[in-house]
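Below you'll find the structures, each written out as structure tokens.
Look for chain A in each of the two complexes below; its partner is chain B in the first and chain C in the second.
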Partner chain A sequence: MNSLLRHRVSYLLLLPTFTLVILFFYYPALSGIFHAFTTWQAVGDSRWVGLDNFIFMATDPFIRHSLYNQLLLTLADMVKALVPPFIVAEMIYSLRSERERYWLRTLCVIPMVAPGMVIILMWYFIYDPNVGLLNQALVGMGLEDLKRAWLGDPNFALGAIVGIGFPWIGALAFLILYAGLNNIPGDIVDAARIDGASKFARILQIDLPMLVPQIRLVVLLTLIASIQDFGRVLVMTGGGPGYATYVPALWMYEQTFLMSHFGYASAIGVTLFLVILTSSLIVLRVMKGDVED
Partner chain B sequence: MTPHLLVSACLVVCAALLPGAEAWAKERVLISTVRGFYNTAMDEIAAQYMELHPEVEIEINLQPDNFTITRYYTANMAADRATAPDIVHGNLLGIDENYHAGRFLAVNDYLQRPNPYADNVVWMDLFDDDLIRSMAVDGIHYCVIPLDFCDAAVYYNKDIFDRHGLMPPSTWDEWIALSTVLEEHGILPIAVSGSTQTDFTGWIDLMFEDACMRPFMPMIIAQPGDWNYVEANDRYVHDLSDKDSDRYTTINPERLISAFLDGTISYQMPHFVDAYARFQTLTPHFAFGFLGTDQAGAYNLFLTSRAAMWQTGSWRVGSLMKDLRELPEEMRFDWAVFPFPDLRDGHEDIAPLRGVGGVGHQFCVVNKNDQAQHDRVIDFMMYLYSPEQTAYLIRRTLEVGEFIQGMPMVKGAEKELPDDILAKLKGFGGRGYTNPGLFLNDEEHDKRIRPWYQLYALGRVDVEEFLAEKQALAIELMHRVIARRGFDLDPTTEDKPL
Partner chain C sequence: MSKTDNSALSTFLIRVILYSLLGLSLLPVLVMVVLSVKSNVEIITDFWSLPSVIRWDNYPGAFETVKGSTFNSLFVTLVSCTGIVFLSSLSGFVFARHRFPGRETLFTVLIGLVMLPQVLLLVPLFVEVKSMGIADTYWALILPYMAGGQIIGILLCRGFMATIPQALFESARLDGASEFQVYRHIVLPLSLPILTAIGIINFHGIYNDFVWPLMVLQDQDLKTFAVAIFELSTVYRFEYGLTFAAYVVGSLPLVVVLLAGMKYFVRGITEGGVKA
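Showing the complex of A and B:
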């Protein structure tokens, strides 16, 4: 109590921050959990319906299709977030010239300043079936048979969404992995070199095991972002054609803002939260080994 | 900094953020509408109104598109009805659902009052009868007051048609045949936006459903004693070939639902199968990748003469004329529109396709449960919809290069349109429009059926599978409507939502 009084100004200064955090983050989240067990159509009182929303989810074809799409997208996002940034980080890390390292590192990070929506819209135009760059390039190369309605064909639409951002050198993942590589003690690398380890053996036996904490972080961030993100699908295909690109978060958004089914949307939100929480715990458990282990 | 000082600083900041005394004194009317149509003229009319009524502040909130308005309106209504918009552009909002949920106001009483800004003429008498009646919820509740009425049709490039000796088709088969000819000459026949956000196949479905549902009209029209019976129903003559035969009539939704639930009407009946099978003969002639093509993409195909036809609505007339004027001379072309061709092919159970008429720029009054606010809002709307202001609205809108969406709703306002625009708008097929009473809908149904339209349009499911799904979703919809509106399926009693 004395400490509280003694530091009262500090606590007072912290109060607005935490009030706003509670008001804008925790209250809506808790409200969402409550409303997941109700029907609520924006105006008027909500009505308690127990588990009905969750039972309905189990039979909703949009949820069924979107879960499958989400699984594929998340797996693809993981590969995109880990493999290209790791390869590029390794290549730059292997350079001897500090000056070259600096410039190439900077070049990889600069695209980070481009707004995500701009990138998505750029790819939207690339995929245009009639005047898009991709089909025009295929025709130009004499590969007209490979022309596709990238966003308008259920067989290719999800793949087209995965393709956004090619060559997928995510700046954040790159920086995390590159920083991890730089933190590997030089004597370990020198010892491997003296023992005659090839570069490939060094990557497999030293770099990858030493990067487990960084990889774990990238996996967790990617997992959360992938499940929460529906903006790219909304802009590119709106979930179609058919059910081909629906993801649960998009269906949640539509249930909320197009159909005013706040209760059902909350149930989808709570389920997504549980999926993210469970997956994160699994990732932490599976990848619990770090450099000390 | 001491706590006292901090609290004082907070109070000063709060005081600075509060609106001035003048703003508190004014009564505010908030209008949420879509950008690009009528905006400049609306602003000016609002300013003129505020000069007449200094105690009222008209605030126009512009949103980029119909989807954003939907989100804005929904979020505001969820937060606090009192601060939500008073007037909202209702295009995607689900007028029926909002009315029956008590969120929109039926303005029937107000429509019978004299309009002080139009020589005290009864307000209803200022509007085009056909059109305003066709938009009433259940045929009797006037929740939508549109500025104009848009219609769908097929735009075509007359130069391309002339070059290949083609005429606008009058039958479905002629349409397919001329599309084939165009393809043989390396021209994309029909540009259409089929992306999920702007899926035009839904519009076509409405026309097909209208054509196939009209045979059931005698069964579902409101009868004497029904809660939404109107005298015009007595004058109904069942003639499928007459596109206007059901004008002014009302359909009883409980009769419609009962007929679906007892199997008297089913989308799996042979005439539905025959009609919808014809839709699948057209989709192969849509431009490549139409399901991944948005409105701008489809428009560009037509504007650049890569596609000879373009399926869309009257709201694009103004922009097409403007863009064509700005094209280099050698790229310009002459164009016109034709209504959707006849589907029947001798089938007696199918009516001719009618235009998908819809409200264009449309205003709905949000029910604030506040009579004084409603009066205030309606007073502004009476001003806006007076002949003088409507004429100004159209004239000024065209003058500043903005667009109208279709034929004006206020009588006599047509004469404000330049001859060239009027001529183009008249090509959309007259007054024979789909009857919205023939099909129930809600946002959820719209969302759930859309993937099936798309798969059907692509030929991924056959007509039987598509119609079976359509039927199943329709039955789900019927049960939702029964629950939402508290229907007891007795057409003589008007039920209240639960």
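Showing the complex of A and C:
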């Protein structure tokens, strides 16, 4: 009896957590998966239509263009999340003074104190055709010919979105990789130094293999964020000009918010979920944590 | 050239590159601050010059423009973070220190949720919030934020609280402490560092959220800062000085909280990264 009472307390204490999770995770997730096969709309009954929504996706030009854009954006996001933070982490790691390393690490994290929307809108301003920083700088350097409406030009708009945040020292990726570097056992690094390994040889043969778990984490986080985050596109270009910067999640948002095609939007959501799930599993399979190798 | 000269030179080069890169990444923030104290005429005619006099004129108007939305963001973020920290500590404690049938199953079922991406939930949650009648209230933000933020929090708290020595609990129970007293006087104080980290990381995420508040809040008086400045940027298109001053004003809560809690923020991410 006593133990039953004890258990009842445990379940009772977990009740708030599970109530929230059922209401705002399990129920909507199941609802979304179910309704992906229906004509769910703001008014009227939703009718079961089998795979129709998915078949329609295959012919939807917005989906076709946006998948291509998404692929390019995700590849760019991956390079941006891995290369500059890794280089900066290695450079800071190579400095002797403990104090300077601490100060530089802090400096890398400082940009995070500005709200994300402020940064995006600052980049919107940087690309402004009339008073924007980029065109002003080009004029200042006598490169007037290169001036353009960066976000209004279908050939440059996607590139301009990739450019946001240059030089792309993402604080999150940097912190993860830098922590990994500092966690490499000192004797391994010393052994390499005694063997006379050059800096680059050490980076290739020790640091990179030892950082596999951290790199994998950054790849996974970037993959998930890149496919879901359509906020930057919504703010910068709204998907345009034409189809030039549409991404699937933005199209899903518009189908939901502007057109109330909840069934079709759910089908896009389920598809993106499956894309994220499959590619995450592939990343986990390819980048196994074989640190010993 | 001797080997030491060589490494002194490369250290010097590394410093030059590092400081220029970091300077470049801070440039948009610096431009924002500088332009916020220039007049509109100065910005358009004389873009590159530093302001001849620092004009605070933009600030009263900017403050009026975003004080409401900044308050909304701050309020929603603080309430959500308090809820997240409370639920993380409570459920983390139960999972770490209670023995009961189904514990591991429940824990797996809960943590497995991190696999469900926002993109799957966005549409059905939008419809659900509307049909629950909480669209256009703070609850439409607070409840989903709490539901989502607590998951990683519980994971972190469980790991942390499992390391609290069992002897502390036993002696408290011998003294006749109730379950609540154990939680309140042993678990909470000892978990303060991890709880602070959870609070600050969620503060950053929630204060920055844009798409969800854009979708569920139409009432002008409830809009959050991110949504308000997004809409402002289309209305006050050519009021540059005012706009940048508004950005600065609305950034302040995040700046203050993150600078004050930087240690915990960095440690939270760093430890997560090393355990990867």
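Here, the second predicted complex is superposed on the first by the 284 of 293 C-alpha atoms of A that agree within 3 Å, B and C clash if a C-alpha of one lies under 4 Å from a C-alpha of the other, contacts with A are read in each partner's own complex, and residues count from 1 in each chain.
Rule of thumb we're sticking to: a contact is a pair of C-beta atoms (placed from the backbone, for glycine too) under 8 Å apart; a residue touches a chain by one contact, two chains touch by 3 or more.
If you're wondering where the values come from, they're calculated on a predicted model, not measured in any experiment.
Applying the stated contact rule after C-alpha superposition, one finds that A:F230 touches chain C and leaves chain B untouched. Judged by the touch definition given at the top, the superposed model places A:A157 against chain B, while chain C stays out of reach. When the two complexes are overlaid on their common chain A, residue A:G240 makes contact with chain B while staying clear of chain C. When the shared chain is aligned, chain B comes close enough to touch A:M259, but chain C does not.
When the two structures are aligned on the shared chain, A:A149 is found in touch with chain B, with no touch to chain C.
Looking at the shared chain after the overlay, A:V9 reaches both chain B and chain C.
Of the two partners chain B and chain C, more chain A residues are in touch with C. When both complexes are overlaid on chain A, the residue A:V131 reaches chain B and chain C alike.
Applying the stated contact rule after C-alpha superposition, one finds that A:P85 touches neither chain B nor chain C.
Overlap of the chain B and chain C interfaces on chain A: residues 9, 13, 131, 256-257, 262.
Of all residues in chain A, only 6-7, 9-11, 13-14, 16-18, 20-21, 23-25, 27-29, 31-33, 35, 40, 84, 88, 91-92, 94-96, 104-119, 121-126, 131, 133, 136, 140, 165-169, 172, 175-180, 183, 213-214, 216-217, 224, 227-228, 230-231, 234-235, 249, 252-253, 256-257, 262, 265-266, 269-270, 272-273, 276-277 touch chain C in the complex they form.
Residues of chain A that touch chain B in their complex: 8-9, 12-13, 41-44, 62, 127-131, 148-154, 157, 237-243, 254, 256-262.
Chain C makes touch with chain A in their complex at residues 11, 14-15, 17-18, 21-22, 24-26, 28-29, 31-32, 43-44, 47-48, 87, 90-91, 93-94, 98, 100-101, 103, 106, 110, 113, 115-128, 143-144, 146-148, 150-151, 154, 179, 204, 207-208, 210-211, 215, 225-226, 229-230, 233, 240, 247, 250-251, 254-255, 258-259, 262, 265-266, 269-274, 276.
On the chain B side of its complex with chain A, the touching residues are 1-3, 6, 67, 70-71, 74-75, 77-78, 81, 92, 101-103, 188, 194-197, 199, 287-293, 297, 300-301, 306, 442-444, 447-448, 450-452, 454-455, 458, 460.
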